[in-house]
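Here the structure is laid out as structure tokens; the discussion comes afterwards.
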Amino acid sequence: MNNFFDKLHEECGIVGIYSKTYQHLGPLIYDALISLQHRGQESAGIAVYHEGVMMHYKNMGLVRDVFNEENLRPFNGNVGIGHCRYSTIGSAERRNAQPLVVEFKAGTMALAHNGNLINAVQIRGELIDEGFSFTSTSDSEIIIKLIAIHYKGNPLEAIKKALAQVEGGYALVLIVEGKLYGIRDPYGLRPLVLGQTKKGDYILASETVALDLLEATFIRDVDKGEIIEIDDSGYHSHYFDTTKPMNLCGFEFVYFSRPDSDLAGKNVYQVRVELGKILARGDKEKYDLVAAVPESGVPAAIGYAIESDTVYSSVFIKNKYIGRTFTDPTQEGRERMLRLKLSILKSNIQGKRIVIVDDSIVRGTTLRSIIFELKKAGAKEVHVRISSPPVGFSCFFGIDTPSKKSLIAANMSVEEIEEYIGADSLRFLTSDEFVEGVGLPEDSLCKACFSGEYPMKVPKTHNKYVFEKY
Amino acid sequence: MNNFFDKLHEECGIVGIYSKTYQHLGPLIYDALISLQHRGQESAGIAVYHEGVMMHYKNMGLVRDVFNEENLRPFNGNVGIGHCRYSTIGSAERRNAQPLVVEFKAGTMALAHNGNLINAVQIRGELIDEGFSFTSTSDSEIIIKLIAIHYKGNPLEAIKKALAQVEGGYALVLIVEGKLYGIRDPYGLRPLVLGQTKKGDYILASETVALDLLEATFIRDVDKGEIIEIDDSGYHSHYFDTTKPMNLCGFEFVYFSRPDSDLAGKNVYQVRVELGKILARGDKEKYDLVAAVPESGVPAAIGYAIESDTVYSSVFIKNKYIGRTFTDPTQEGRERMLRLKLSILKSNIQGKRIVIVDDSIVRGTTLRSIIFELKKAGAKEVHVRISSPPVGFSCFFGIDTPSKKSLIAANMSVEEIEEYIGADSLRFLTSDEFVEGVGLPEDSLCKACFSGEYPMKVPKTHNKYVFEKY
Amino acid sequence: MNNFFDKLHEECGIVGIYSKTYQHLGPLIYDALISLQHRGQESAGIAVYHEGVMMHYKNMGLVRDVFNEENLRPFNGNVGIGHCRYSTIGSAERRNAQPLVVEFKAGTMALAHNGNLINAVQIRGELIDEGFSFTSTSDSEIIIKLIAIHYKGNPLEAIKKALAQVEGGYALVLIVEGKLYGIRDPYGLRPLVLGQTKKGDYILASETVALDLLEATFIRDVDKGEIIEIDDSGYHSHYFDTTKPMNLCGFEFVYFSRPDSDLAGKNVYQVRVELGKILARGDKEKYDLVAAVPESGVPAAIGYAIESDTVYSSVFIKNKYIGRTFTDPTQEGRERMLRLKLSILKSNIQGKRIVIVDDSIVRGTTLRSIIFELKKAGAKEVHVRISSPPVGFSCFFGIDTPSKKSLIAANMSVEEIEEYIGADSLRFLTSDEFVEGVGLPEDSLCKACFSGEYPMKVPKTHNKYVFEKY
Amino acid sequence: MNNFFDKLHEECGIVGIYSKTYQHLGPLIYDALISLQHRGQESAGIAVYHEGVMMHYKNMGLVRDVFNEENLRPFNGNVGIGHCRYSTIGSAERRNAQPLVVEFKAGTMALAHNGNLINAVQIRGELIDEGFSFTSTSDSEIIIKLIAIHYKGNPLEAIKKALAQVEGGYALVLIVEGKLYGIRDPYGLRPLVLGQTKKGDYILASETVALDLLEATFIRDVDKGEIIEIDDSGYHSHYFDTTKPMNLCGFEFVYFSRPDSDLAGKNVYQVRVELGKILARGDKEKYDLVAAVPESGVPAAIGYAIESDTVYSSVFIKNKYIGRTFTDPTQEGRERMLRLKLSILKSNIQGKRIVIVDDSIVRGTTLRSIIFELKKAGAKEVHVRISSPPVGFSCFFGIDTPSKKSLIAANMSVEEIEEYIGADSLRFLTSDEFVEGVGLPEDSLCKACFSGEYPMKVPKTHNKYVFEKY
């Protein structure tokens, strides 16, 4: 559905569990991954460790398809990590699925990684020059190799030395020598939270929804530049870089995170409702009804309805039974798919002036088809409101943005987009409005995909298949 | 999901297409079935006919799993029918999937059936006494056998004679001698509509959504007791029984039909919004917010919000990535499933007095768990509003109702239900309010599941496995 | 492999088990079907009965693919039947898989059928005229419908009346009213044996190998025109037609039956060795070595080697790992398949004059390719000996023979075949030699496929899709 | 089947193709792997290279299950390798499937490996100490890492330096910088042959059967200690170690190689017939018949029959339709499996004194069951003749031998084995007889599994999971 609705893609969801006791960790990690599945649907994997033995399994597919009661059965231990992935670097092959598991000086180590290294090509080149060889095309293999190289008996030191070499946005969970590590990059670009279950087990996860699911209490966000080390004595904080300002990805609030997650102390749903309210404040005119492009536009549409005192209404009915077959690249084929996936409540919009709220526009193609269908179904006017600023710049820190030439806002003005999609009016949030809605200090958010101002120097070109083009 | 959310089940969706020209009908029927998939998810089948040759295929599973580009390829012809099924009579076995295809005097005939015969046991017994043998346990086999028996060269006569013997609620599409037939029982209990595509092909379908998907224009509902016969000269109306009053299933408006369908001239979404408004009018008190149990409660919750000027808000986040594994019948297991499937937006309900709108209550078990979780998550008060009257009686006409002892409203008063589910208050619609909301004459609706007043005499006991208990 | 090696096909294998005690019959029937799998590889099915309840399952595929530990688990009861099928009448669709199970006056009945009715078209037409309708295209449905029609409280009488109407070659196992029936047609064309396990359970099976596998003792062949009825009091013999002479299918000895089966008191392997010895007696010349076309030619080749005192040698190595993909209908493609499936031991045949023994020739295409490859690999002379007479006539009694125009011996003299396949010499057995080798009275064998003299009047044309051509 | 028949296991089959022209190499490598499938059935993989791009795919399963027309389609290029594997080092996981593909200084390199390194643990430890980390548990990863480490612009030099470090028995095919390399260890323990197709493409393969299948002409065996380098200018020979004596694995003649392969100039089938003849010469007594344990005993049994002028007969019928389910570790369960897989031709052995020829005895358990069944079926005497010496020692060079305590000949004298298996007499070949039969100079064969005299110093213990026990 994501592809169809023309959205940006989060790279991955990660989770780690540390318990003092040997137990059947498999189902717990499975549940947590199910709750993080929206962050990556291409592959899934679990690694569980106990007393020197690392069990792991990963494959292409959804968590529910990769794992089942039978193949989870042997996942017993006291520490484990899980990963679900949408590829940003490296193509969608099984060898790029995670967790990565390697044998090195201190036995077996496992890594799950959300994010993206911007100096991966350079480090990889250096390692290859030194005689190292790589079996995957994912940049995560660089991190694990660096840790193995720097390891001299102390995992924390090895991790710190490895992280000193890499640049980019990342959240990591790692099992080394039976300890669990949770790490966020020096800018805090990708999220990672820490919690604890009633039994005392520690949980690290990309989002708080995983804590809720495991009935764990939220302790705190892992901090930027921080390594959380967990062993039988509890969790310990170590900082490897405190020189950088916080730059939490703003798009987590726009689209990636689940609405029931809390991020940097803010509930994502509430932020989205607020963004919708701010959108409404910008509109002087009143419309007949406001509707969301499902599902991502719902909270902002509700916010808009409240603030503008407009009737909130369903306009689209999603068919959840759509299969994957019969995709047809012609215009007729795409219209058929839209009708199959998203049927329009004609009786609701006949002769009406309606506001459609969506969270963002990437290519604009789907929105264009939607507006075409709405008008065909009888809508008098279609006004589009987007609860974020225009996305005009590629992300280098773990979000799969298309190349600039595909980003509609990189190539058209708002007026041109309005005309292209056929809207009677189109408004985005300004950057300031967006920051206001999120409610965090402006300089603690990464808004590079809106502004082009990156928190660190980025490569001129960006290509997720970079390691396959040798 | 349906099972989980403790709903009644529609038996089937049916579709028929008649064209003057030989064409690749498979994908058209496939698309129509996808749009009717909510009416039955256990099996799917397609039969296509051309010049004496009937091609058919059916299997257990969703339409998208049963069919693919390859196995649809041979479905070429000028007339075809399709069926998706949730079993009401006969267990979920492949031999009970439809369309039923038999060879008889005039070649090959195909039937797809939505509904239920109440005198099936008796007719079946009579046929068996005459030496007939049955290969399925579905009551549809009775209809097709009767048609074969009565056939003497004129299909319409044979159909009329067969229908004269059966009693119950049904909608049928039939291919006999290359003609397409669409039939509704004498009470019009189950819906069936007629439409026409731009190319002039005729479509028969359980709901208008299938017409929309095929870009067909709605012509009219097939009438109660009417046989629509379609051939190259167009469509022709024949009545086989005009002695009975219309008794369209009221629950189609409550839950079964898709909101974007029109039924007896009423748009289902609008009816549901109206039912929600009527619910609101019954409440003098104001609450902090109103939310729907997704998805079925959404329109009525929106109606409630509009009428009562209460904030409409999301309270539940559904996880669409849930698999089928690891169901655990313990209380702990059920709570885990609820958390996996339906996560609660805690920040939205802290200390709040909330109204939850659902379309109906069958067993009450899920609602009870939901209210428990809402309170655990911080809701101060949970008030439940149901946009239909209490369901206290079994359906005999094509709806899979549990036995009376499982229907909570058959065994408890509203006050007892309120206490059982843990609601701070509970209100249903009265029968009069429900009729008002639907907007059709009271005596044209079947409300037997609410009132116990059946349009015809029904058997004392009812059992979907009746033909397997010999 | 069979298709590749251009053989005739047996229609089916059948098995029945009757026990006085309720037990887990599924695995026993499974094992028996595995031992009869050579008789039919297209579909498999099992039905098990106990106290009024019939459990059954069937699907397309090999026994090992259709059944597994899980789906066999519910097959508990005291009487059961099994079936594996290669279609002779009716195409390879699931609805034609067996056992057939129907509900009729006395509850549920199950039938498994090996053979072919020659008056099926006529009876089917009569039944259809009477108003019956058919859901499969197999002629077995006729038998079961007739039994249901004739049933008036006594299953044996109903069976006798049904059998009085049908003509052809057949062996049947039937479960009616909890009793097991084993039946052979009045000519005994298709085989059926009776045995008993150590525990006292009775077994009916197409071949004695199934008895061996279940460690059952052979009691006797079911006789032509006999109905064996088995219940708690033991087995009882009833004759329904004693007017016809025995006409056991001679091709069972040539190819169909497993060599470790005994048929009419003769061990099949010994018969085949004997046929090879007789072949050798006809050769005055001595050759350098004798080899078999694997596997069917092995026993006769061994017999030839013994009688002629020629070195028996392997010349072909079969590759058992061949898949089904990449079939290529070109001549180059067929030669590649032959190399993949059957590699030639070049070092064994360099400059040698060799005898190749096969059991029969149907189309001759494979043998032609084999001889071409042998010569290319260095054989000086290739002499072909066939351990049966030329097959020049279609079978109407349960064997899938191609149409006469595809039978090489129906269209060419032995000399022409010799030239066509490229053999340096070619010899078949004469009909007399064949009868001598089998060792049964000449007039007790059906040799119609060799002679065209059918035991009963047969239809002029024969088509396995006859019921699909309406 | 192999497991059941209690045989030693070859590790792998490998193949390489080099063409001057870009072509659809996938199906050619597929065919070659099908012909080498007997050397390894756990996993299969293909890598194809063209102008800097390496395409590869591998998975668990048979070649025919891993590959299909669709996933072979992209395998176009001018050089490719393939691999089928039975694990000797490293467990049966996907990460251990081959070819191994890594990116290193000069781009992408691919390796397929048959054999075993005896100093793998030591080298791996050294590399890990230097900071390298390993993602598989196969010893092949060591070789490819060493090549990457030693690469300084000249692949041949890097390969030579890598090989200078490893010890053991191996045959390798490698793609580096677009060239194809074929390598045999300094003792020539594992086989590798070179051939050329009519079109001029070069083929490297474990056995000549792969050449035959691709219609390639045999050029010569790759020599011990030799690197064959193939590029557009043809093939070039380089020696990296000429100090060791030839020690071709004797067991390739006994069991591993296909009978239609030639090895060191000897045809394997002819060698096996000769071994059978030598066995016969040792028997003064005459028996009633001689039979083979299928399939591996067939050539030696034929040789025995010829030399002793005894009747060669089939005694076992293998059922090729056996599935994998329902294995039952009880004695009863094993007997059932034996009956399912191998039925006995009772009529052939009644009251007879028979000779059973097999190629080797590993654990003796199957032979014991076979003899038990033969006697139960009526054999008067069962004399066992084995066409190789007793296997009393583990192999360290690529053969999966069980631990010494499971090798029956390591724990019992021939008399004790005779008694254990229940034979009336038992004879093995002596080492001298075996060498005579093979027909190669005694000191050019490795007979370590018979004699314990290893061509190089071997580790005290041996464990295929050695790298998973960290």
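We just call them A, B, C and D in the order they show up, numbering each chain from 1.
Note that a contact is a pair of C-beta atoms (placed from the backbone, for glycine too) under 8 Å apart; a residue touches a chain by one contact, two chains touch by 3 or more.
Note that the structure is predicted; figures quoted are calculated from it, not measured.
Listed options C-D, A-D or A-B contain a single repeat of the B-C interface, assigned here to A-D, on the basis that more than half of the contact pairs agree by residue number. Of all chains, the one whose CA centroid is most distant from that of chain C is A.
Once the centre of each chain is set as its mean CA position, chain A and chain D turn out to be 48 Å apart.
Taking each chain's centre as the average of its CA atoms, chain A and chain B sit 38 Å apart.
The centroid of the Cα atoms in chain A and the matching centroid in chain C are 61 Å apart. Contact residues on chain D toward chain A in their complex (touch as defined above): 52, 94, 100-105, 107-109, 128-129, 131-135, 137, 144-145, 148-151, 467, 470.
The part of chain B that touches chain A in the complex is made up of residues 27, 30-31, 34-35, 37-38, 41, 62-65, 67-69, 209, 212-213, 215, 258-260, 262, 267, 269-270, 273, 298-299, 302, 305-306, 311-314, 317, 319-326, 336, 339-340, 343-348.
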